[in-house]
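The same subunit A turns up in both complexes below, where it pairs with subunit B and then with subunit C.
And now, the complex of A and B:
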């Protein structure tokens, strides 16, 4: 099938050279060899090889193949598969039963949840609680995961997390006491204060460039720490409010950031929690910032 | 238009290609627009041969004109109207989604766009027994909700499972992935993959704005873009080109494969007037042939919370301004239908 070269993620320099050499669609590149291509178009052999790989990987699915694709970009499933997946995945409890009820069990995995509110209402507290709760062992109904905490406002207090963790341990000990199960006892042995704190990966971002860079680097971090089940961004709007005067750039960056995060949540099976402070400025600014987030609570 | 290669058409030899290329004629378009006398002199090829070559290439690459009557006959046979499963929405859409066309649902956050998409998918998969490709780009698809909708239609678990299997789900969070999925669909139909129990009749893209809006926008801050280009796919004009690629792909897919395409779009605030308008700008507004706006009504009482007002803002068949009240908690079961002739927006 003819597919324009514009629709491939090629670098602009290479694309310009390809177009000026007369190549418009992917089909024309299919039979070319890297050395021929690099001579004809005037790009280096490595670039030619890379270009052909990008174009061919997508075009290859058109030709009959008997092995499953190694590229995960064409990973399709039916709604039935998705349903089975959803039934087996857990929730991150918040230890507030009313909140868990509205959320349908807790903060869901593979989705993005947004918490907004006026300053001082308890958003960071909830985030810190979730960072502890994600680590609850599976036999107690948790997801036994780790957490990444990206802080843009500097409101993360380790002493408070110690309090929350201690309370959580005590709560679980009470539950284990009623069950008298060996499994519960064993799980509790690992659930110590040091372990809880060491499984919260904390990053401090001072402006929006750092935040964007941090989110960009997340996939590598997540592949190194595959047990991470929760990514918290505390104050997602905060760096964008102060430094950026260009509203359209801000919207674009926020939209790109949102998509990046949704994609991460989906691929790595984690929950994303973002905090937004409610803006008390004129309505127009409020809608521009919260416009990007088409998420669910 | 193709690059000139030996064997592209009879009479085009390797040496001809090399001679033409040395004079800067690399593609069919170049040859078609060149002054053949000049080319014949410079390249040393015969004028007659070049004229014959051009005629053959043009015949090979041009589109053939279609008789209007034939086109109408073909459309009458091939177009199907797929009910959405929501009575009031069907009224707005003139009986349902038309294959061969792109229909758009626009609305602000929480207005019910994803719910419409899920309802359409459930209805088409269950009642019409056709396959659906659901391309999710903002994480709004939950299979549990699909199951809920199906459970409202049938209690038979086998039927529910069968319907769920007819809905193919693809996650595409950026535009290249989405274009890949659409290309895969073409490939699968071309090969008539026998894995699925039928061909795809509806493609739902929820939402288009999520993948396109990071690409569109201003030309300022080029330096910043160079730094963040890994995230943002460079500056705006390739962004617009990509959006139009997607538009073209959706429309030709609908037309070529006889598919109904349903897309969702967000709302954005107009910078000057402050009013809400559909996102993606004027260029995108020409893409869908039908556009339905979902709006939450002003009162927020307990009954009003699930009420939505659907308004037809663009249609090739119905007068615009038609409005229907829809209750998104009870899609397709007991909706009120009050047809109001509102003013044109």
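And now, the complex of A and C:
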């Protein structure tokens, strides 16, 4: 960190000696040990130690506090706590029993799930289905949350979501019919087509810059809409594929994006008791040319 | 090829039909990524900060967002929190607007925009949930000789039909790379499929004036044509864009055996696709790319 020594609350005498010894910034200072510093600058060891502590403390306060606290609290929980958490966490059903069985109940919350596959295999359809299923009321075994859908490919079809939502409502009505429960009836009243569609927040990103911008703004969005339980990025690798020639930049941006999403999931788990699952849909996370593009043509 | 574009930024008002119509009537030029090429100066950063950033060749939002937070700290000299706020400010300037799916649905029905263009082949329409989707890119692939060009010509006829007959009552842009388009065939199809409508010669001539054929023979030309399409679409009230065929022009120019060509080819295809998708969404028109599959 290129912070000027003048900005630190050091005693003037020590500061003068440091400057005349050639130390300009905090960075240079932090490399030294107290004993070395005292010898070079001409101050006592205690003064050197104090100086280093002040500088270190100041430097550390500039780093994100929330990350460090969340790290420590993450590290502190035991496996038993995690086990309990995992048992109580909800799943988002996919309505494909084979898939739900494999996944152990559905798409898990508090985790990032990647869906990969050849073009045309049904990834966008699955994402749209999940955006509807996350809203299933709790008495039906759902998560009763809202969804954010970030679309980079433009393959989102409103008409299809209407179909899926209508089918879901009918399915739940059948179930409610067999239960004859008041709770179920009441929950179904709110589970209308209009409500379902209103709780899917849709963003269309045309290139990777808009995607990056949107991900930076996600934390604010999630705090505004605290009921969001699912964030879908449909086509996380797509915008990076054609516009970026610099492969190292591409890799760095993609990795940074992935890390941000993961830290977002963790952070919101702490901020809210609720949970967030994120689905990213990369077709290829890396820059190698694969057979997919050939088949596509 | 980026030129200036004017667009309503700021708060999105209620999803009324007007907003959408306004957008489609605004004159703007092709080039996806207008938001990302926004100069930082216009985002609301201080002049001093902009100058400092431009000394490091960071001029647009895209340049800025490609940096890691650490790099931003180094360049701007801000603390981590300051950098975070700066990132949010810049992000807000180029992030897309939020819409709820319900909002999109009501907007479309308010504008009376059809969601699908029926192909009048009932089995196909059923499989496609109504027909060719408006506002997105549709690819037609198949072995040579199976009828793709004929299908495209038929869709051209359908697009020019009045809305009460299931058409879009608009013009068609037909980008022909193989010189496979035959005007004679267009007339033939129109006459035989809709004999009662096309009973006067004038109507046939009218339909043929609505189909604008562009012959482009190289990838470069195709891309340039796509980039300049916006003005055509607005001025001629184009409702369907057909490219026949993208595979042939790509195959001619990019020999996949050679190294490095694969990347160029993919770049060209992806660029073309993203431009077309952008046009399709902005103007809510179906765009079609015809391809051959040689296995």
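We adopt the following convention: the second predicted complex is superposed on the first by the 192 of 297 C-alpha atoms of A that agree within 3 Å, B and C clash if a C-alpha of one lies under 4 Å from a C-alpha of the other, contacts with A are read in each partner's own complex, and residues count from 1 in each chain.
What we mean here is this: a contact is a pair of C-beta atoms (placed from the backbone, for glycine too) under 8 Å apart; a residue touches a chain by one contact, two chains touch by 3 or more.
Predicted model only: the values in this text are computed from it and were never measured.
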Practice task
Considering only touches as defined above, state whether A:86 meets subunit B (first), subunit C (second), both or neither.
Solution key: first
Problem - First (subunit B), second (subunit C), both or neither touched by A:220 - result: second
Exercise for the section: Could you say whether A:210 touches subunit B, subunit C, both of them, or neither, answering first, second, both or neither? Expected result: second
Practice task
Please indicate which partner A:194 is in contact with in the superposed arrangement: first for subunit B, second for subunit C, both, or neither.
Solution key: second
Exercise for the section: Look at the residues of subunit A and decide whether subunit B or subunit C touches more of them. Expected result: B
Exercise for the section: Classify the contacts of A:159 with the two partner chains as first (subunit B alone), second (subunit C alone), both, or neither. Expected result: second
Exercise for the section: Report for A:202: first if it touches subunit B alone, second if subunit C alone, otherwise both or neither. Expected result: second
Exercise for the section: Considering only touches as defined above, state whether A:21 meets subunit B (first), subunit C (second), both or neither. Expected result: first
Problem - subunit B versus subunit C as contact partner of A:182, first or second or both or neither - result: neither
Exercise for the section: Return first, second, both or neither, reflecting whether A:241 touches subunit B, subunit C, both chains, or no partner chain. Expected result: second
Exercise for the section: Touching subunit B in one complex and subunit C in the other: list those residues of subunit A. Expected result: 1, 62, 64, 209, 212, 216, 249, 252-253, 256, 293-294
Problem - Contacting residues of subunit A [partner subunit C, same complex] - result: 1-2, 62-64, 149, 153-155, 157-163, 194, 197-210, 212-214, 216-217, 220-221, 241-243, 249, 252-253, 256, 289, 293-294, 297
Exercise for the section: Spell out the residues on subunit A that touch subunit B in their complex, using ranges where they run on. Expected result: 1, 3-4, 6-9, 12, 21-24, 28, 58, 61-62, 64, 73-83, 85-87, 110-112, 209, 212, 216, 246-249, 251-253, 255-256, 258-260, 262-263, 265-266, 284, 287-288, 290-291, 293-296
Completion exercise
In their shared complex, subunit A is touched by residues of subunit B numbered 1-4, 26-27, 30, 109, 121, 125, 134, 137-144, 146-147, 161, 164-171, 173-174, 176-177, 179-181, 183-184, 186-187, 190-191, 207, 210-211, 213-218, 220-221, 224, 227-228, 230-234, 238, 241-242, 245, 249, 266, 268-269, 271, 274
Handout entry: subunit C - residues contacting subunit A, complex
Key = 32-33, 35-36, 61-62, 65-66, 68, 73-74, 77, 79-81, 87-88, 90-105, 108, 115-116, 129-130, 133, 136-137, 247, 250, 256, 262-263, 266-267, 269-271, 274, 277-278, 280-281, 291
